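A short worksheet on the structure shown next.
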Amino acid sequence: MQRIGVFVCWCGSNIAATVDVQAVAQALKNEPGVVFSTDYQYMCSQAGQDMIKEAVAEHNLTGIVVCSCSPRMHEATFRKTAAAAGLNPYMVEIANIREQCSWVHKDIPTGTEKAIILGKAAVAKVNLNTPLTPGESPVTKRALVIGGGIAGIQTALDIADAGFPVDIVETKPTIGGKMAQLDKTFPTLDCAACILTPKMVDVAQNDKIRIFSYSEVEEVSGFVGNFDVKIKKRARYVKEDLCTGCGACVEKCPMKKVPNEFNLGMDNRPAIYIPFAQAVPKVATIDPNACNMLKNGKCGLCARVCTAGAIDYTQKDEIIEEKYGAIVVATGFNPISMDKFDEFAYSQSKDVITSLEFERLTNAAGPTAGKLVRPSDGEHPHTIVFVQCVGSRCENCAEKGKEYCSKICCMYTAKHAMLVRDKYPDIETYVFYIDVRTPGKNFDEFYRRAVEEYGVKYVKGMVGKVSPEGKKLKVQASDLLNNKQLNIDADLVVLAAAIEPDKSARPLATMLTASMDTNDFFTEAHPKLRPVESPTAGVFLSGACQGPKDIPETVSQAGAAASKVIGLLAKDKLTGNPCIASSDENMCNGCSSCERVCPYGAITYVDKEFRMPDRTTKVRRVAQVNPAVCQGCGACTVACPSGAMDLRGFASNQIIAEVDAICK
Amino acid sequence: MNNKMQNLRDEIILRSGVNPSKCMACGKCSATCPAYNEMEYHPHQFVSMVKSGDIEPLLASDSLYKCLTCFACVDRCPRGVEPAKLVEAVRLAAIRQQGANHLKPDMVPDMLDDDMPQQAIVSAFRKYTK
Amino acid sequence: MQKITLESLVEKAVSLLENGTVTSVLGWKKGEFDYDITPAVFESADELKKDFVWNDFCGANFSKYLVSKTCKSEGKILVFLKPCDTYSFNQLLTEHRFDREKVYAVGIPCEGMADINKVKEVVGDGISKIESNGDDLVVTTIYEDAPVKVTCKDVLAERCVNCKSKRHVAYDELLGEEGEVIASERFDEVERLEKMTPEERFAFWQNELSKCIRCNACRDVCPACTCEKCVFDNPNSGVENKAASNSFEEKMFHIIRAFHVAGRCTDCGECSRVCPQNIPLHLLNRKFIKDINEFYGEYQAGAEVGLRAPLVDYTLEDLEPGEVFDRRDNNA
Amino acid sequence: MQIKEYKPLIVAFCCNWCSYAGADLAGNNRLNYPAEVKIIRVPCSCRVNPMFILRAFQRGADGVIICGCHPGDCHYTSGNYYTRRRMALLFSMLDFLGIERERTRVEWVSAAEGAKFATTMNDFVEKVASLGENKRLEDLRCKR
């Protein structure tokens, strides 16, 4: 039999105004197991906690019921108090008589009656509580970063800086991500390559960091501190350790007509290629869909010109298995497809381009060597129309656009228009906007400069349609402030396409059992207080995979994710949640129902020998719960027909006791 | 907004099934409108004026009969506001007033000529008459 | 009425015993009366020739017996499976309840089993002897001098009238001809109840379930109820009760039992066969099967080994509990 | 003689992460709902065993409501999807046995939906109250 102490909190007048706390304490005194019952102004105060500690000592209490605010508020506080008083912290139950009683009911008789019943339910539960101890599991001191854009690079550098080994997995042949494709960065206008490529070199030279480029995560199992990951290193048909990146093969490759994805298909590359000059690792890759040697065995020129002997046409995909303590997701974003926006004539005219294509078009390393020309005929444009919010903030067109604001478009459009006016003052630039959103350090000043100093024409309104006519693009738009419909003959139209999470994110989330929102952005453990952690323990979020972000934000989030990883890897052991499922082997049928509903794969089966009453032995398959993986949802307890599976802290008999106490 | 206008506004919103509060004032409806230059009040203004209950000027305006009901605005609106349906509802509110038929039978003979398909007159008659 | 003969079954069993394929045979044996046939284990040819029976009352589904039989004996056991038994067989395998390696399954065709209650309705009590004769049963009673002829078809058990499949979904060897899955009308009765008012339904079940004497026969025979320890026998489960002391506990027992086998029940109908009070317990299971089919797509437990039961599965677009009734109201 | 006003007894199972927090938020915002609603905290709606529900009815509850995170938002990623199937089938079965379908409900209430929690409870209590006492699933020995 338990010896239970009941402590009823007034919470000043928060509880005491609607609940007769003394009557509650008095009523609960007579409940089975209760040996002491009292009330106090603020149970959570130092004095209140001391009172609990004294009572534990004086009355030799084995369990505690605190009738107070929500357990979400102070359960942890009172568990610590119990531990300080020498009790197992899980011998504490809270009756929520504030949020779910005094605050929602008006008169004292009602409030008091309900508070007593809630107290009785808590007492009934504590009577069946058992001391619980959390399990421990070791931590593999190595981190995995999935995605090698600026988010992944920064996270990896920060983790490595703290002394832990990190692996980066990148699907492309080089790290760098979207930032490597950009020309200048707002609001300072320093060139993206100038600030990014030194970081890429840092990554390459850091002996704590390994880069798996042209690779993807194939399988993830395990749990926080102990992930087992299979990484598929795709065959690039070039031995990474031998290739010097000299580029002779690229130059000699006869198959030169492959659309260059790095320049978004605006020019061509050979079948063997290095995406860009500063690529890391600077290693050539053969595109198996384009290479004649791989397709039909006719060529082999690159192998002949390679003095390092790095070409290997027989290379196979390779699976690398590694253990990690933490996983950081940094899968980034892509602009959405513009194919469905017929009104902007994106698929009809080469001169309607997306902003990312515009970046390549103005980049010194881009297809035009930085010269801004019309993609259709290479002529100098005289009028450029920028359209913002293309596919962003769409409510009804879920299949076409996105409901959210893509956040970065206002600033990069201002940047584009400003750079155009700076370099080519003869070009007229129009920016059609719905709202200009510039909440960032020096952002609004930047936008105002575009308008005031560079003469970019900002028009409040949207473009209704773009129709190619001869060499021109007829742009029909509204100017809401002047209540006019505008018709502009443009040479180039730039669409600020909405951004969406990379397509690899969804299958990855399934592998990681990390949750996602309806837009396929990863969900954070708490939108404000735990923004870089996924609800799945040991999985962290960095960059635009969690939501649209600009570079400064991405970098700060990357650092934050790194610091969370470091905090985890710095521990030698993890203590788990003791409120987990456990199976009674004597009752378990081994039917696999529990295993099938477990969201964490925490349940496995073993064949076990049992002594039967007739002294024979019998081998049966029984379920076992991995305490480090189980999160304590209880799905298995209901799936189990025999009732062999139960949940510690929320055991069936405890819940039934609560039901009984409430319904008495 | 007086009581009468408030009622009229609610009625228009109810009849059209349009929620003008969803409008984010991007102006894409007016940008796409082929009859824009014919209209005194443009599609986005219909949305905004109905929202604020400023309906009297709309009732009196010829713009009601300039809208072609081509539904380009409905198709393009990123927020699903459907301005054309709102215009239609205001037009109904106008012609349902006593003696406010926009097209009266005695006007028809003057309109008859060889270039005008009779079907167009019939449908205009249906559209502009109570 | 059964097309396959007793002799061919005994012959098969004897040859498998003698060539060492199996060491024992799970089969039917005559009970006190001709119509109360009990399952039995035979270990020799003599026993088989003496006691093995096969007739229109061999309804017992042997699948469940394999759970206890395979974990004890070392050798293989021969089991005769009628088509509907094979579904239970597969379902138990899905749940890892017995060792397939220790079983030699012989599929046998079944023309449907007779319901002794229906026979009694025709001939009355005091049956002393029943013999099969072609499509008829010849019944002798202690009250009548001349035996009475009853057509098998007229006394077919409900579950056989609504037979869902004459196809075997599992066996090592098949005797006789293979049949087909049948589009049965087994949900008609459930539908009839669904169309009643809640008051009528309540009255129906109150009447039926109040007959329950909590003998646990339904549970003990059910091939899905193979728990090492049933929650109703476990003092720690919070719902332990051995006898139904009032109408609530009858309902509690039958609702929970139906829920525990939901998605796992193959609709073999054993529960209703063995109920001494003739409660139509199979209707509860069929209700779950019908709902599962309607809500989550057609599902036949045991159709294949390894199927994921609907209650341990989900889709993102599943019906909301509240929509269940909207949907039914709209269909009605 | 004063006739005691009939007040139904409602047991609400709330998942710790969303609905229990939603109930707390209703309290924070002082949104009233009847005191007849008594909340039992469970880690996830999928912890609710049909036995608990029947037990509550046995002991005299007039209505049982289960609240969990919205589908897709489960703290344990998929717990409420199982709840959804289990309860859809269980409630359908209770209806099949002639138990009034308004006595059982599943509602998804997020931690932000304090107002929804209060409205849901007000509505549920009202519906159950209009049915009167639970007579079809009760254990007379357990009567108050």
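First chain written, first letter: the chains are A, B, C and D, and each begins at residue 1.
One rule holds for everything that comes next: contacts are C-beta pairs under 8 Å (C-beta built on N, C-alpha and C of every residue); 3 or more make two chains touch, one makes a residue touch a chain.
Note that this is a predicted model, so its numbers are computed, not measured.
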item: More contacts between chains, C-D or A-C; value: C-D
item: CA centroid of subunit A to CA centroid of subunit C, Å; value: 51
item: Subunit C and subunit D: spacing of chain centres that average the CA atoms, whole Å; value: 36
item: Whole-Å gap between the CA centroids of subunit B and subunit D; value: 49
item: Sequence positions of subunit D contacting 2 or more other chains; value: 50-51, 55, 72, 78, 82, 86
item: Touching two or more other chains - residues of subunit A; value: 597, 639, 652, 656
item: Chain contact graph, described as a line, ring, star, complete graph or other shape; value: other
item: List of subunit A residues in touch with subunit C within their complex; value: 586-593, 596-597, 605, 616, 618-621, 639, 641-644, 652-653, 656
item: Subunit B partner contacts - residues on subunit A that touch it in the complex; value: 343, 389, 393-397, 401, 434-435, 460-465, 476-480, 483, 485
item: Residues of subunit C defined as touching subunit D within the complex; value: 190, 193-194, 198-206, 231, 237-239, 245-246, 248-249, 251-252, 255-256, 258-259, 262, 284, 287-288, 291-292, 295-296, 310-316, 318-325
item: In the complex, subunit D residues that touch subunit A; value: 9, 11, 16, 20-21, 23-28, 30-33, 35, 38-44, 46-52, 55-56, 59-61, 72-79, 82, 86, 118, 142, 144
item: Subunit A partner contacts - residues on subunit B that touch it in the complex; value: 22, 24-33, 36-37, 42, 44-45, 72, 76-80
